[in-house]
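Common to both upcoming complexes is subunit A, partnered first by subunit B, then by subunit C.
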Partner chain A sequence: MIAYLITITILVCVAALVGLALNLQWGLAGLVNFGVVGFVAIGAYAAALLAPEIGWLPAMAVSAALSAAFSAGLALLAIRLEENYLAIVTIGFGEVVRLVILNEPWLTNGALGIADIPRPFAALGDAVGGDAVFLVFAVALVALAFVTLEGMARSPFGRALRAIRDDATVTSALGKNVFALRVRAFAVGGAVMGIAGALHAYYLTYIDPGQFTPIVTAYAFMAVIAGGRGSNVGLLVGAGSIMALLEGTRFLKDFITVIDGVQLSALRLGLIGVGIVLLLILRPQGLAPEPRRRTSDVLPDRTTRS
Partner chain B sequence: MTDSFVVNRRAVVAGLGALPLATAFGRPALAQGAADVPLGMVLPFSGATGSYGPAMKQAADLVVAKVNGAGGILGGRKVKLFIEDSETSATASVAASKKLLEVNKVELVGGFWGSPEALAAKPVILAANKVQMLSCAANAVTEGDTKGLIYRLQAKSSQWGPAGAKVMEKIGAKKVTVLAQQNPFIVAMVEPFKAEMAKIGGQVMDVVMYNPDQASYRAEVEKAFGPEPDAVFVLPLLTDMVSIAKEIFRGGFTSKVVSLGTGADAEGKFLQAVGPEVAEGIYHLQPSPPIDSPSYARFVKEMGAPEGTVFLFAGNAWDQVCITVLAMEHAKTQEAAVWTKSVREVCNPPGEKVDDVVKALKMIRDGKKINFNGAGCTCDFDEKGDSINRSFYVQLIKGGKNTPVGVVS
Partner chain C sequence: MAVQLFFNGLVTGLLIALPALALTLIFGVLKFANFAVGSMVTLGAYAAWVANVRLGLPLSASAAIAAVTVAAAGVASDQLVFERLRERGSISLLVASMGVSLIIENVCRFAFGNASRGFDVAPSRPIRWQGIRINQEQITTAAVVLVCLVLVDALLRFSPLGRAMRAVADNASLAAVRGVERRTVARLTWALVGALLGVAGVLSGLDRAIDPLIGWNYQIPIFAAAILGGLGSPLGAIAGALVIGVAEEMSALVIPTNYRQVVSFAVILALLLFRANGLFGAKAARR
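Moving on, here comes the complex of A and B:
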């Protein structure tokens, strides 16, 4: 059971990294990125291809850099587009990445995928037993990403992004360079998605194009929405609950014997849908919504004014 | 600020509370009788290959009921089967395998219809020193270090290709094109097919690859049939073959069509989906179950299917359970690392041929040397765990029915 929970927690860590990145792009800056999976795939493939050559840590750094570069490039091309159009362009990007990976076997081994990706701390992991060391590494990465992104969200940069999300024209009138800020937000998000992809590749040790389908993007959006858009704490809660829901439902058939496996697999996905609809009805602001400042936080309290 | 922080903290606690909830769900499964022998399978019920899972589950459940009905194994212990959905996803199959291994403590993780799912789960299963049994084709799964724990009950990709070429020879097709889906199972058969075609003096004019889940296959079909080859080797799965067959029918092409049982039969689902007119004249091949044996006829009957149905994967699931219980009985233990050494003892010749699992169990108890023959194959394995003596069964769809053409090997 413990080892299974470790696996699930590592998968939650990957989902949380993707979610944190999306939370910066969409939650904070209001940039709809439906191509999340493309950036994760770039990170995963960069790590898988480079890790045997240059070691896993440099490979992870390259995944982050490469994914950030693609993000920035896409942002330079498309970020001026209005919300819905940006969504369409990013969907297209995600599909392009998947099709390139599938159809360029000289680089990516095509549909056969890449097996035997070296896993960091494999030797150490064997000594301590199981994936515990990898789990610590994954949690540390999430903690690092959380602290960095939360720091950003509280910094002037984060405030400017929120202002852009709420009203880009006003922000621009106040002298902020909206375009540059958006490109930066997109690139930082891309880097974190690249790291998530690398972590995914290192954990599974086998990747193929079938793992990078739009469902990855959907889960990331679900995590952000469930947690509360713009809130990093909420994101962690959201990513955790989505995975708990996905995996927890696996156990249903073990003790409800009336439903057999075939019906359950259909029912499972239905239940998850119902869960999200209920969440949106009962708690539209998310499980842990973004903290909002009120006037009283900034202005002195009227009663204490002399 | 203070107010909103309180809400946050509660929510965090609530969220964290959800995780142990998953643990609580697991308890009833653990509460099974200590004497049960747990086996697991990862099968596709949802996603692109979801249509292949239910028959495999049915077969596995049937054989488990049969073994338990006859008194179980290892001195009266019952077999308990846990089945998880692979969701046609490598990531999901890793989580599912991990759950089976760690929560249900299974000794076998079988099933594995798709190669990506099997490849991703392989390191997890080997690390736990349990046995992995496959119904998938990609060569890579049995390559590298398998620790002697992996068994494939299906033909390898590199065996399908040459078999296709032999069908081409049989129907007199010299100039051919290939129309193939980009997936690990199929990609690996293209080169062996080309090599075999060259050997028998044929010519492969073009190889057209298409991506899975396309909305339309018209462009690819026209490209493959355009040069008017003698025949086109169409390598699909079920859902895309349905669209492709309609496209071929609509285009009125005259080239012969040779396809795979995975797409153009799929245990009869293809004919149901397209109807006799569209399916007319399509050849298809698949690794043959022992069609003429009484055990196979009995298997088809127990599955409740019409006589003559060719089950490509359900038989594999059936055999996976059979082999496991026989090897356990032979090794007198449920410990996977031990009974894996008994698999070839009970499956490969020499030995008395037997195809009924209950009878085979009894013979093992009586100390006889047996050679088990299954419902999906003869269940003989080479040193890598690949099944040997695979022959392919070729059928032609005529008048809305699969009619046998012959066997190639």
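Moving on, here comes the complex of A and C:
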């Protein structure tokens, strides 16, 4: 049971990192990214291929840098597109990454995947027993990402991104470089997705193309919608609990024997779709909405109308 | 070889034309990119499979059943999901369509599993004409699509529904003032679009094995075709589909066939970069 809980928590940590990254891109900056899975996959493969050569920490740094570079590149090409078009370009990018991973066996070992990825703190983990050490590592990573991204959201950079999301024309008229800010937001998000991919690879110690399906993207969107677009706290609290529930259904198959494994996974994936739709309709502001500053916060002696 | 590939490309293009047309009609009338097109193609393929293999109906009757099933699914998705989000802006609708796509795809997976299926049709010899191999399925596909396109064209041009759809696409508020109800038009558009996607599902089931991802595999070519034609332009979508089909098949001459899908992606990207309005108008860049 404890082992289950640890596994679920680590998987939630991976998903939370991806969610935090998407929350910066989509929640804060208003940039739709339907290719999330592509950036996670790039991070995972970079970490898996490099960790045995240069150690896990430098490999993770390379994962983040590589994923950020691809994000920035894609953003430079496509970020000026209107959201419907940006969505299809990013979804196409995700598919291209998957195709390359499948069809370049000299680099990625194709459909067979990469096994025996070294795990950080393996020696320490063996000494303590179980995945507890890795759990601490994963939680620490999420905490680090949260503090960094929350700091960013409160910084002038974050304010400018929110302004762009709400009205790009006005922001641009106020002298902000909308294009550069959007590219930066996309790149930072990409870096965090790369780190999430590396964490995924280190935990499972085996990756193959089948793990990187558009479901990863859908998951991240559900997390952001559930938490409330733009709210990092909401993402961790609200999305964390929902993801834990969904991840928990992975283990239902040990208890329910009426439906088979494929049906169970179909049920879980379908539930993600239901979750996205229901949350959008019933609670579009999310479980913990983005804190909005009112006029009265800045000018306390004025009327309370915002 | 090149001529054969060109011919295959035209047929593939015709196959993509129906969903591309569906995508563009929804975009024109309801102003959002419906990411559930692929999954609705999948639903159509399975509906026809059930009718054809489980119930033993001929393929034509199965296609009719598929069209009705997907039309019903389209209307239901509008009623349950999209209508409630209509005032919320295109991003919400876009993300919601992703959710709808997941639901439909996994309903199919839950009911039929991941195994590949095929229709119960007698294998037939390909015809040889001027050195080109022409399959029976290709003839069926081309004929069915052409008939559908003529019907839709007539509908859009001459019927009251077509006029109403064009009016709403052009200016929804003005149409409302003139007594054209957006809601009714939206429902009917979904029914029409669903029927097109259902037929497309049957045709794609003739082309390849039916599995839960059959429609998803067409997703990027469909979008490429619709964007190439300038989202919202029916004629453009058909032209775009033919170009994408030919480009995908002909790409086999220069790059490995595994990378066919990359062609569509490259076309979208190049087009949006150099001619952001598509071949037939529509604005892609913001501010």
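Methods note: the second predicted complex is superposed on the first by the 264 of 306 C-alpha atoms of A that agree within 3 Å, B and C clash if a C-alpha of one lies under 4 Å from a C-alpha of the other, contacts with A are read in each partner's own complex, and residues count from 1 in each chain.
Operating definition for what follows: a contact is a pair of C-beta atoms (placed from the backbone, for glycine too) under 8 Å apart; a residue touches a chain by one contact, two chains touch by 3 or more.
In this text, all values refer to a predicted model and were calculated from it rather than measured experimentally.
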{"item": "Touching partner for A:262 - first (subunit B), second (subunit C), both, neither", "value": "both"}
{"item": "Partner chain(s) touched by A:103 [first = subunit B, second = subunit C, both, neither]", "value": "both"}
{"item": "Partner chain in contact with A:172 - subunit B first, subunit C second, else both or neither", "value": "second"}
{"item": "Broader residue contact with subunit A after superposition on the shared chain, subunit B or subunit C", "value": "B"}
{"item": "First (subunit B), second (subunit C), both or neither touched by A:154", "value": "neither"}
{"item": "Which superposed partner A:88 touches (first subunit B, second subunit C, both, neither)", "value": "second"}
{"item": "Partner chain(s) touched by A:288 [first = subunit B, second = subunit C, both, neither]", "value": "first"}
{"item": "Residues of subunit A at both interfaces, subunit B in one complex, subunit C in the other", "value": "99, 102-103, 215, 262, 265-266, 269"}
{"item": "Residue numbers on subunit C that touch subunit A, as the complex places them", "value": "27, 32-33, 35, 81, 84-85, 88, 90-92, 94-96, 98-103, 105-107, 109-110, 113-114, 212, 216, 219-220, 223, 227, 231, 256, 258-259, 261-262, 264-265, 268-269, 272-273, 276, 283-287"}
{"item": "Complex contact set, residues of subunit B against subunit A", "value": "1, 4-5, 7-8, 11-12, 14-16, 18-19, 21-23, 25-26, 28-30, 43, 45-46, 50, 53-54, 57, 82-85, 87-91, 94-96, 98-99, 101-104, 116, 119-120, 122-123, 138, 140, 144, 182-184, 186-188, 209, 211"}
{"item": "List of subunit A residues in touch with subunit B within their complex", "value": "1-5, 7-8, 11, 99, 102-103, 105, 110-113, 115-116, 200, 204-208, 210-211, 213, 215, 231, 233-234, 236-238, 240-241, 244-245, 247-248, 250-252, 254-255, 260-262, 264-266, 268-269, 287-289, 291-293, 297"}
{"item": "Touching residues on subunit A, where the partner in the complex is subunit C", "value": "30, 32, 34, 77-78, 80-85, 87-89, 91-93, 95-96, 99, 102-103, 168-169, 172, 178, 214-215, 218, 221-222, 225, 262-263, 265-267, 269-270, 272-277, 280-281, 284"}
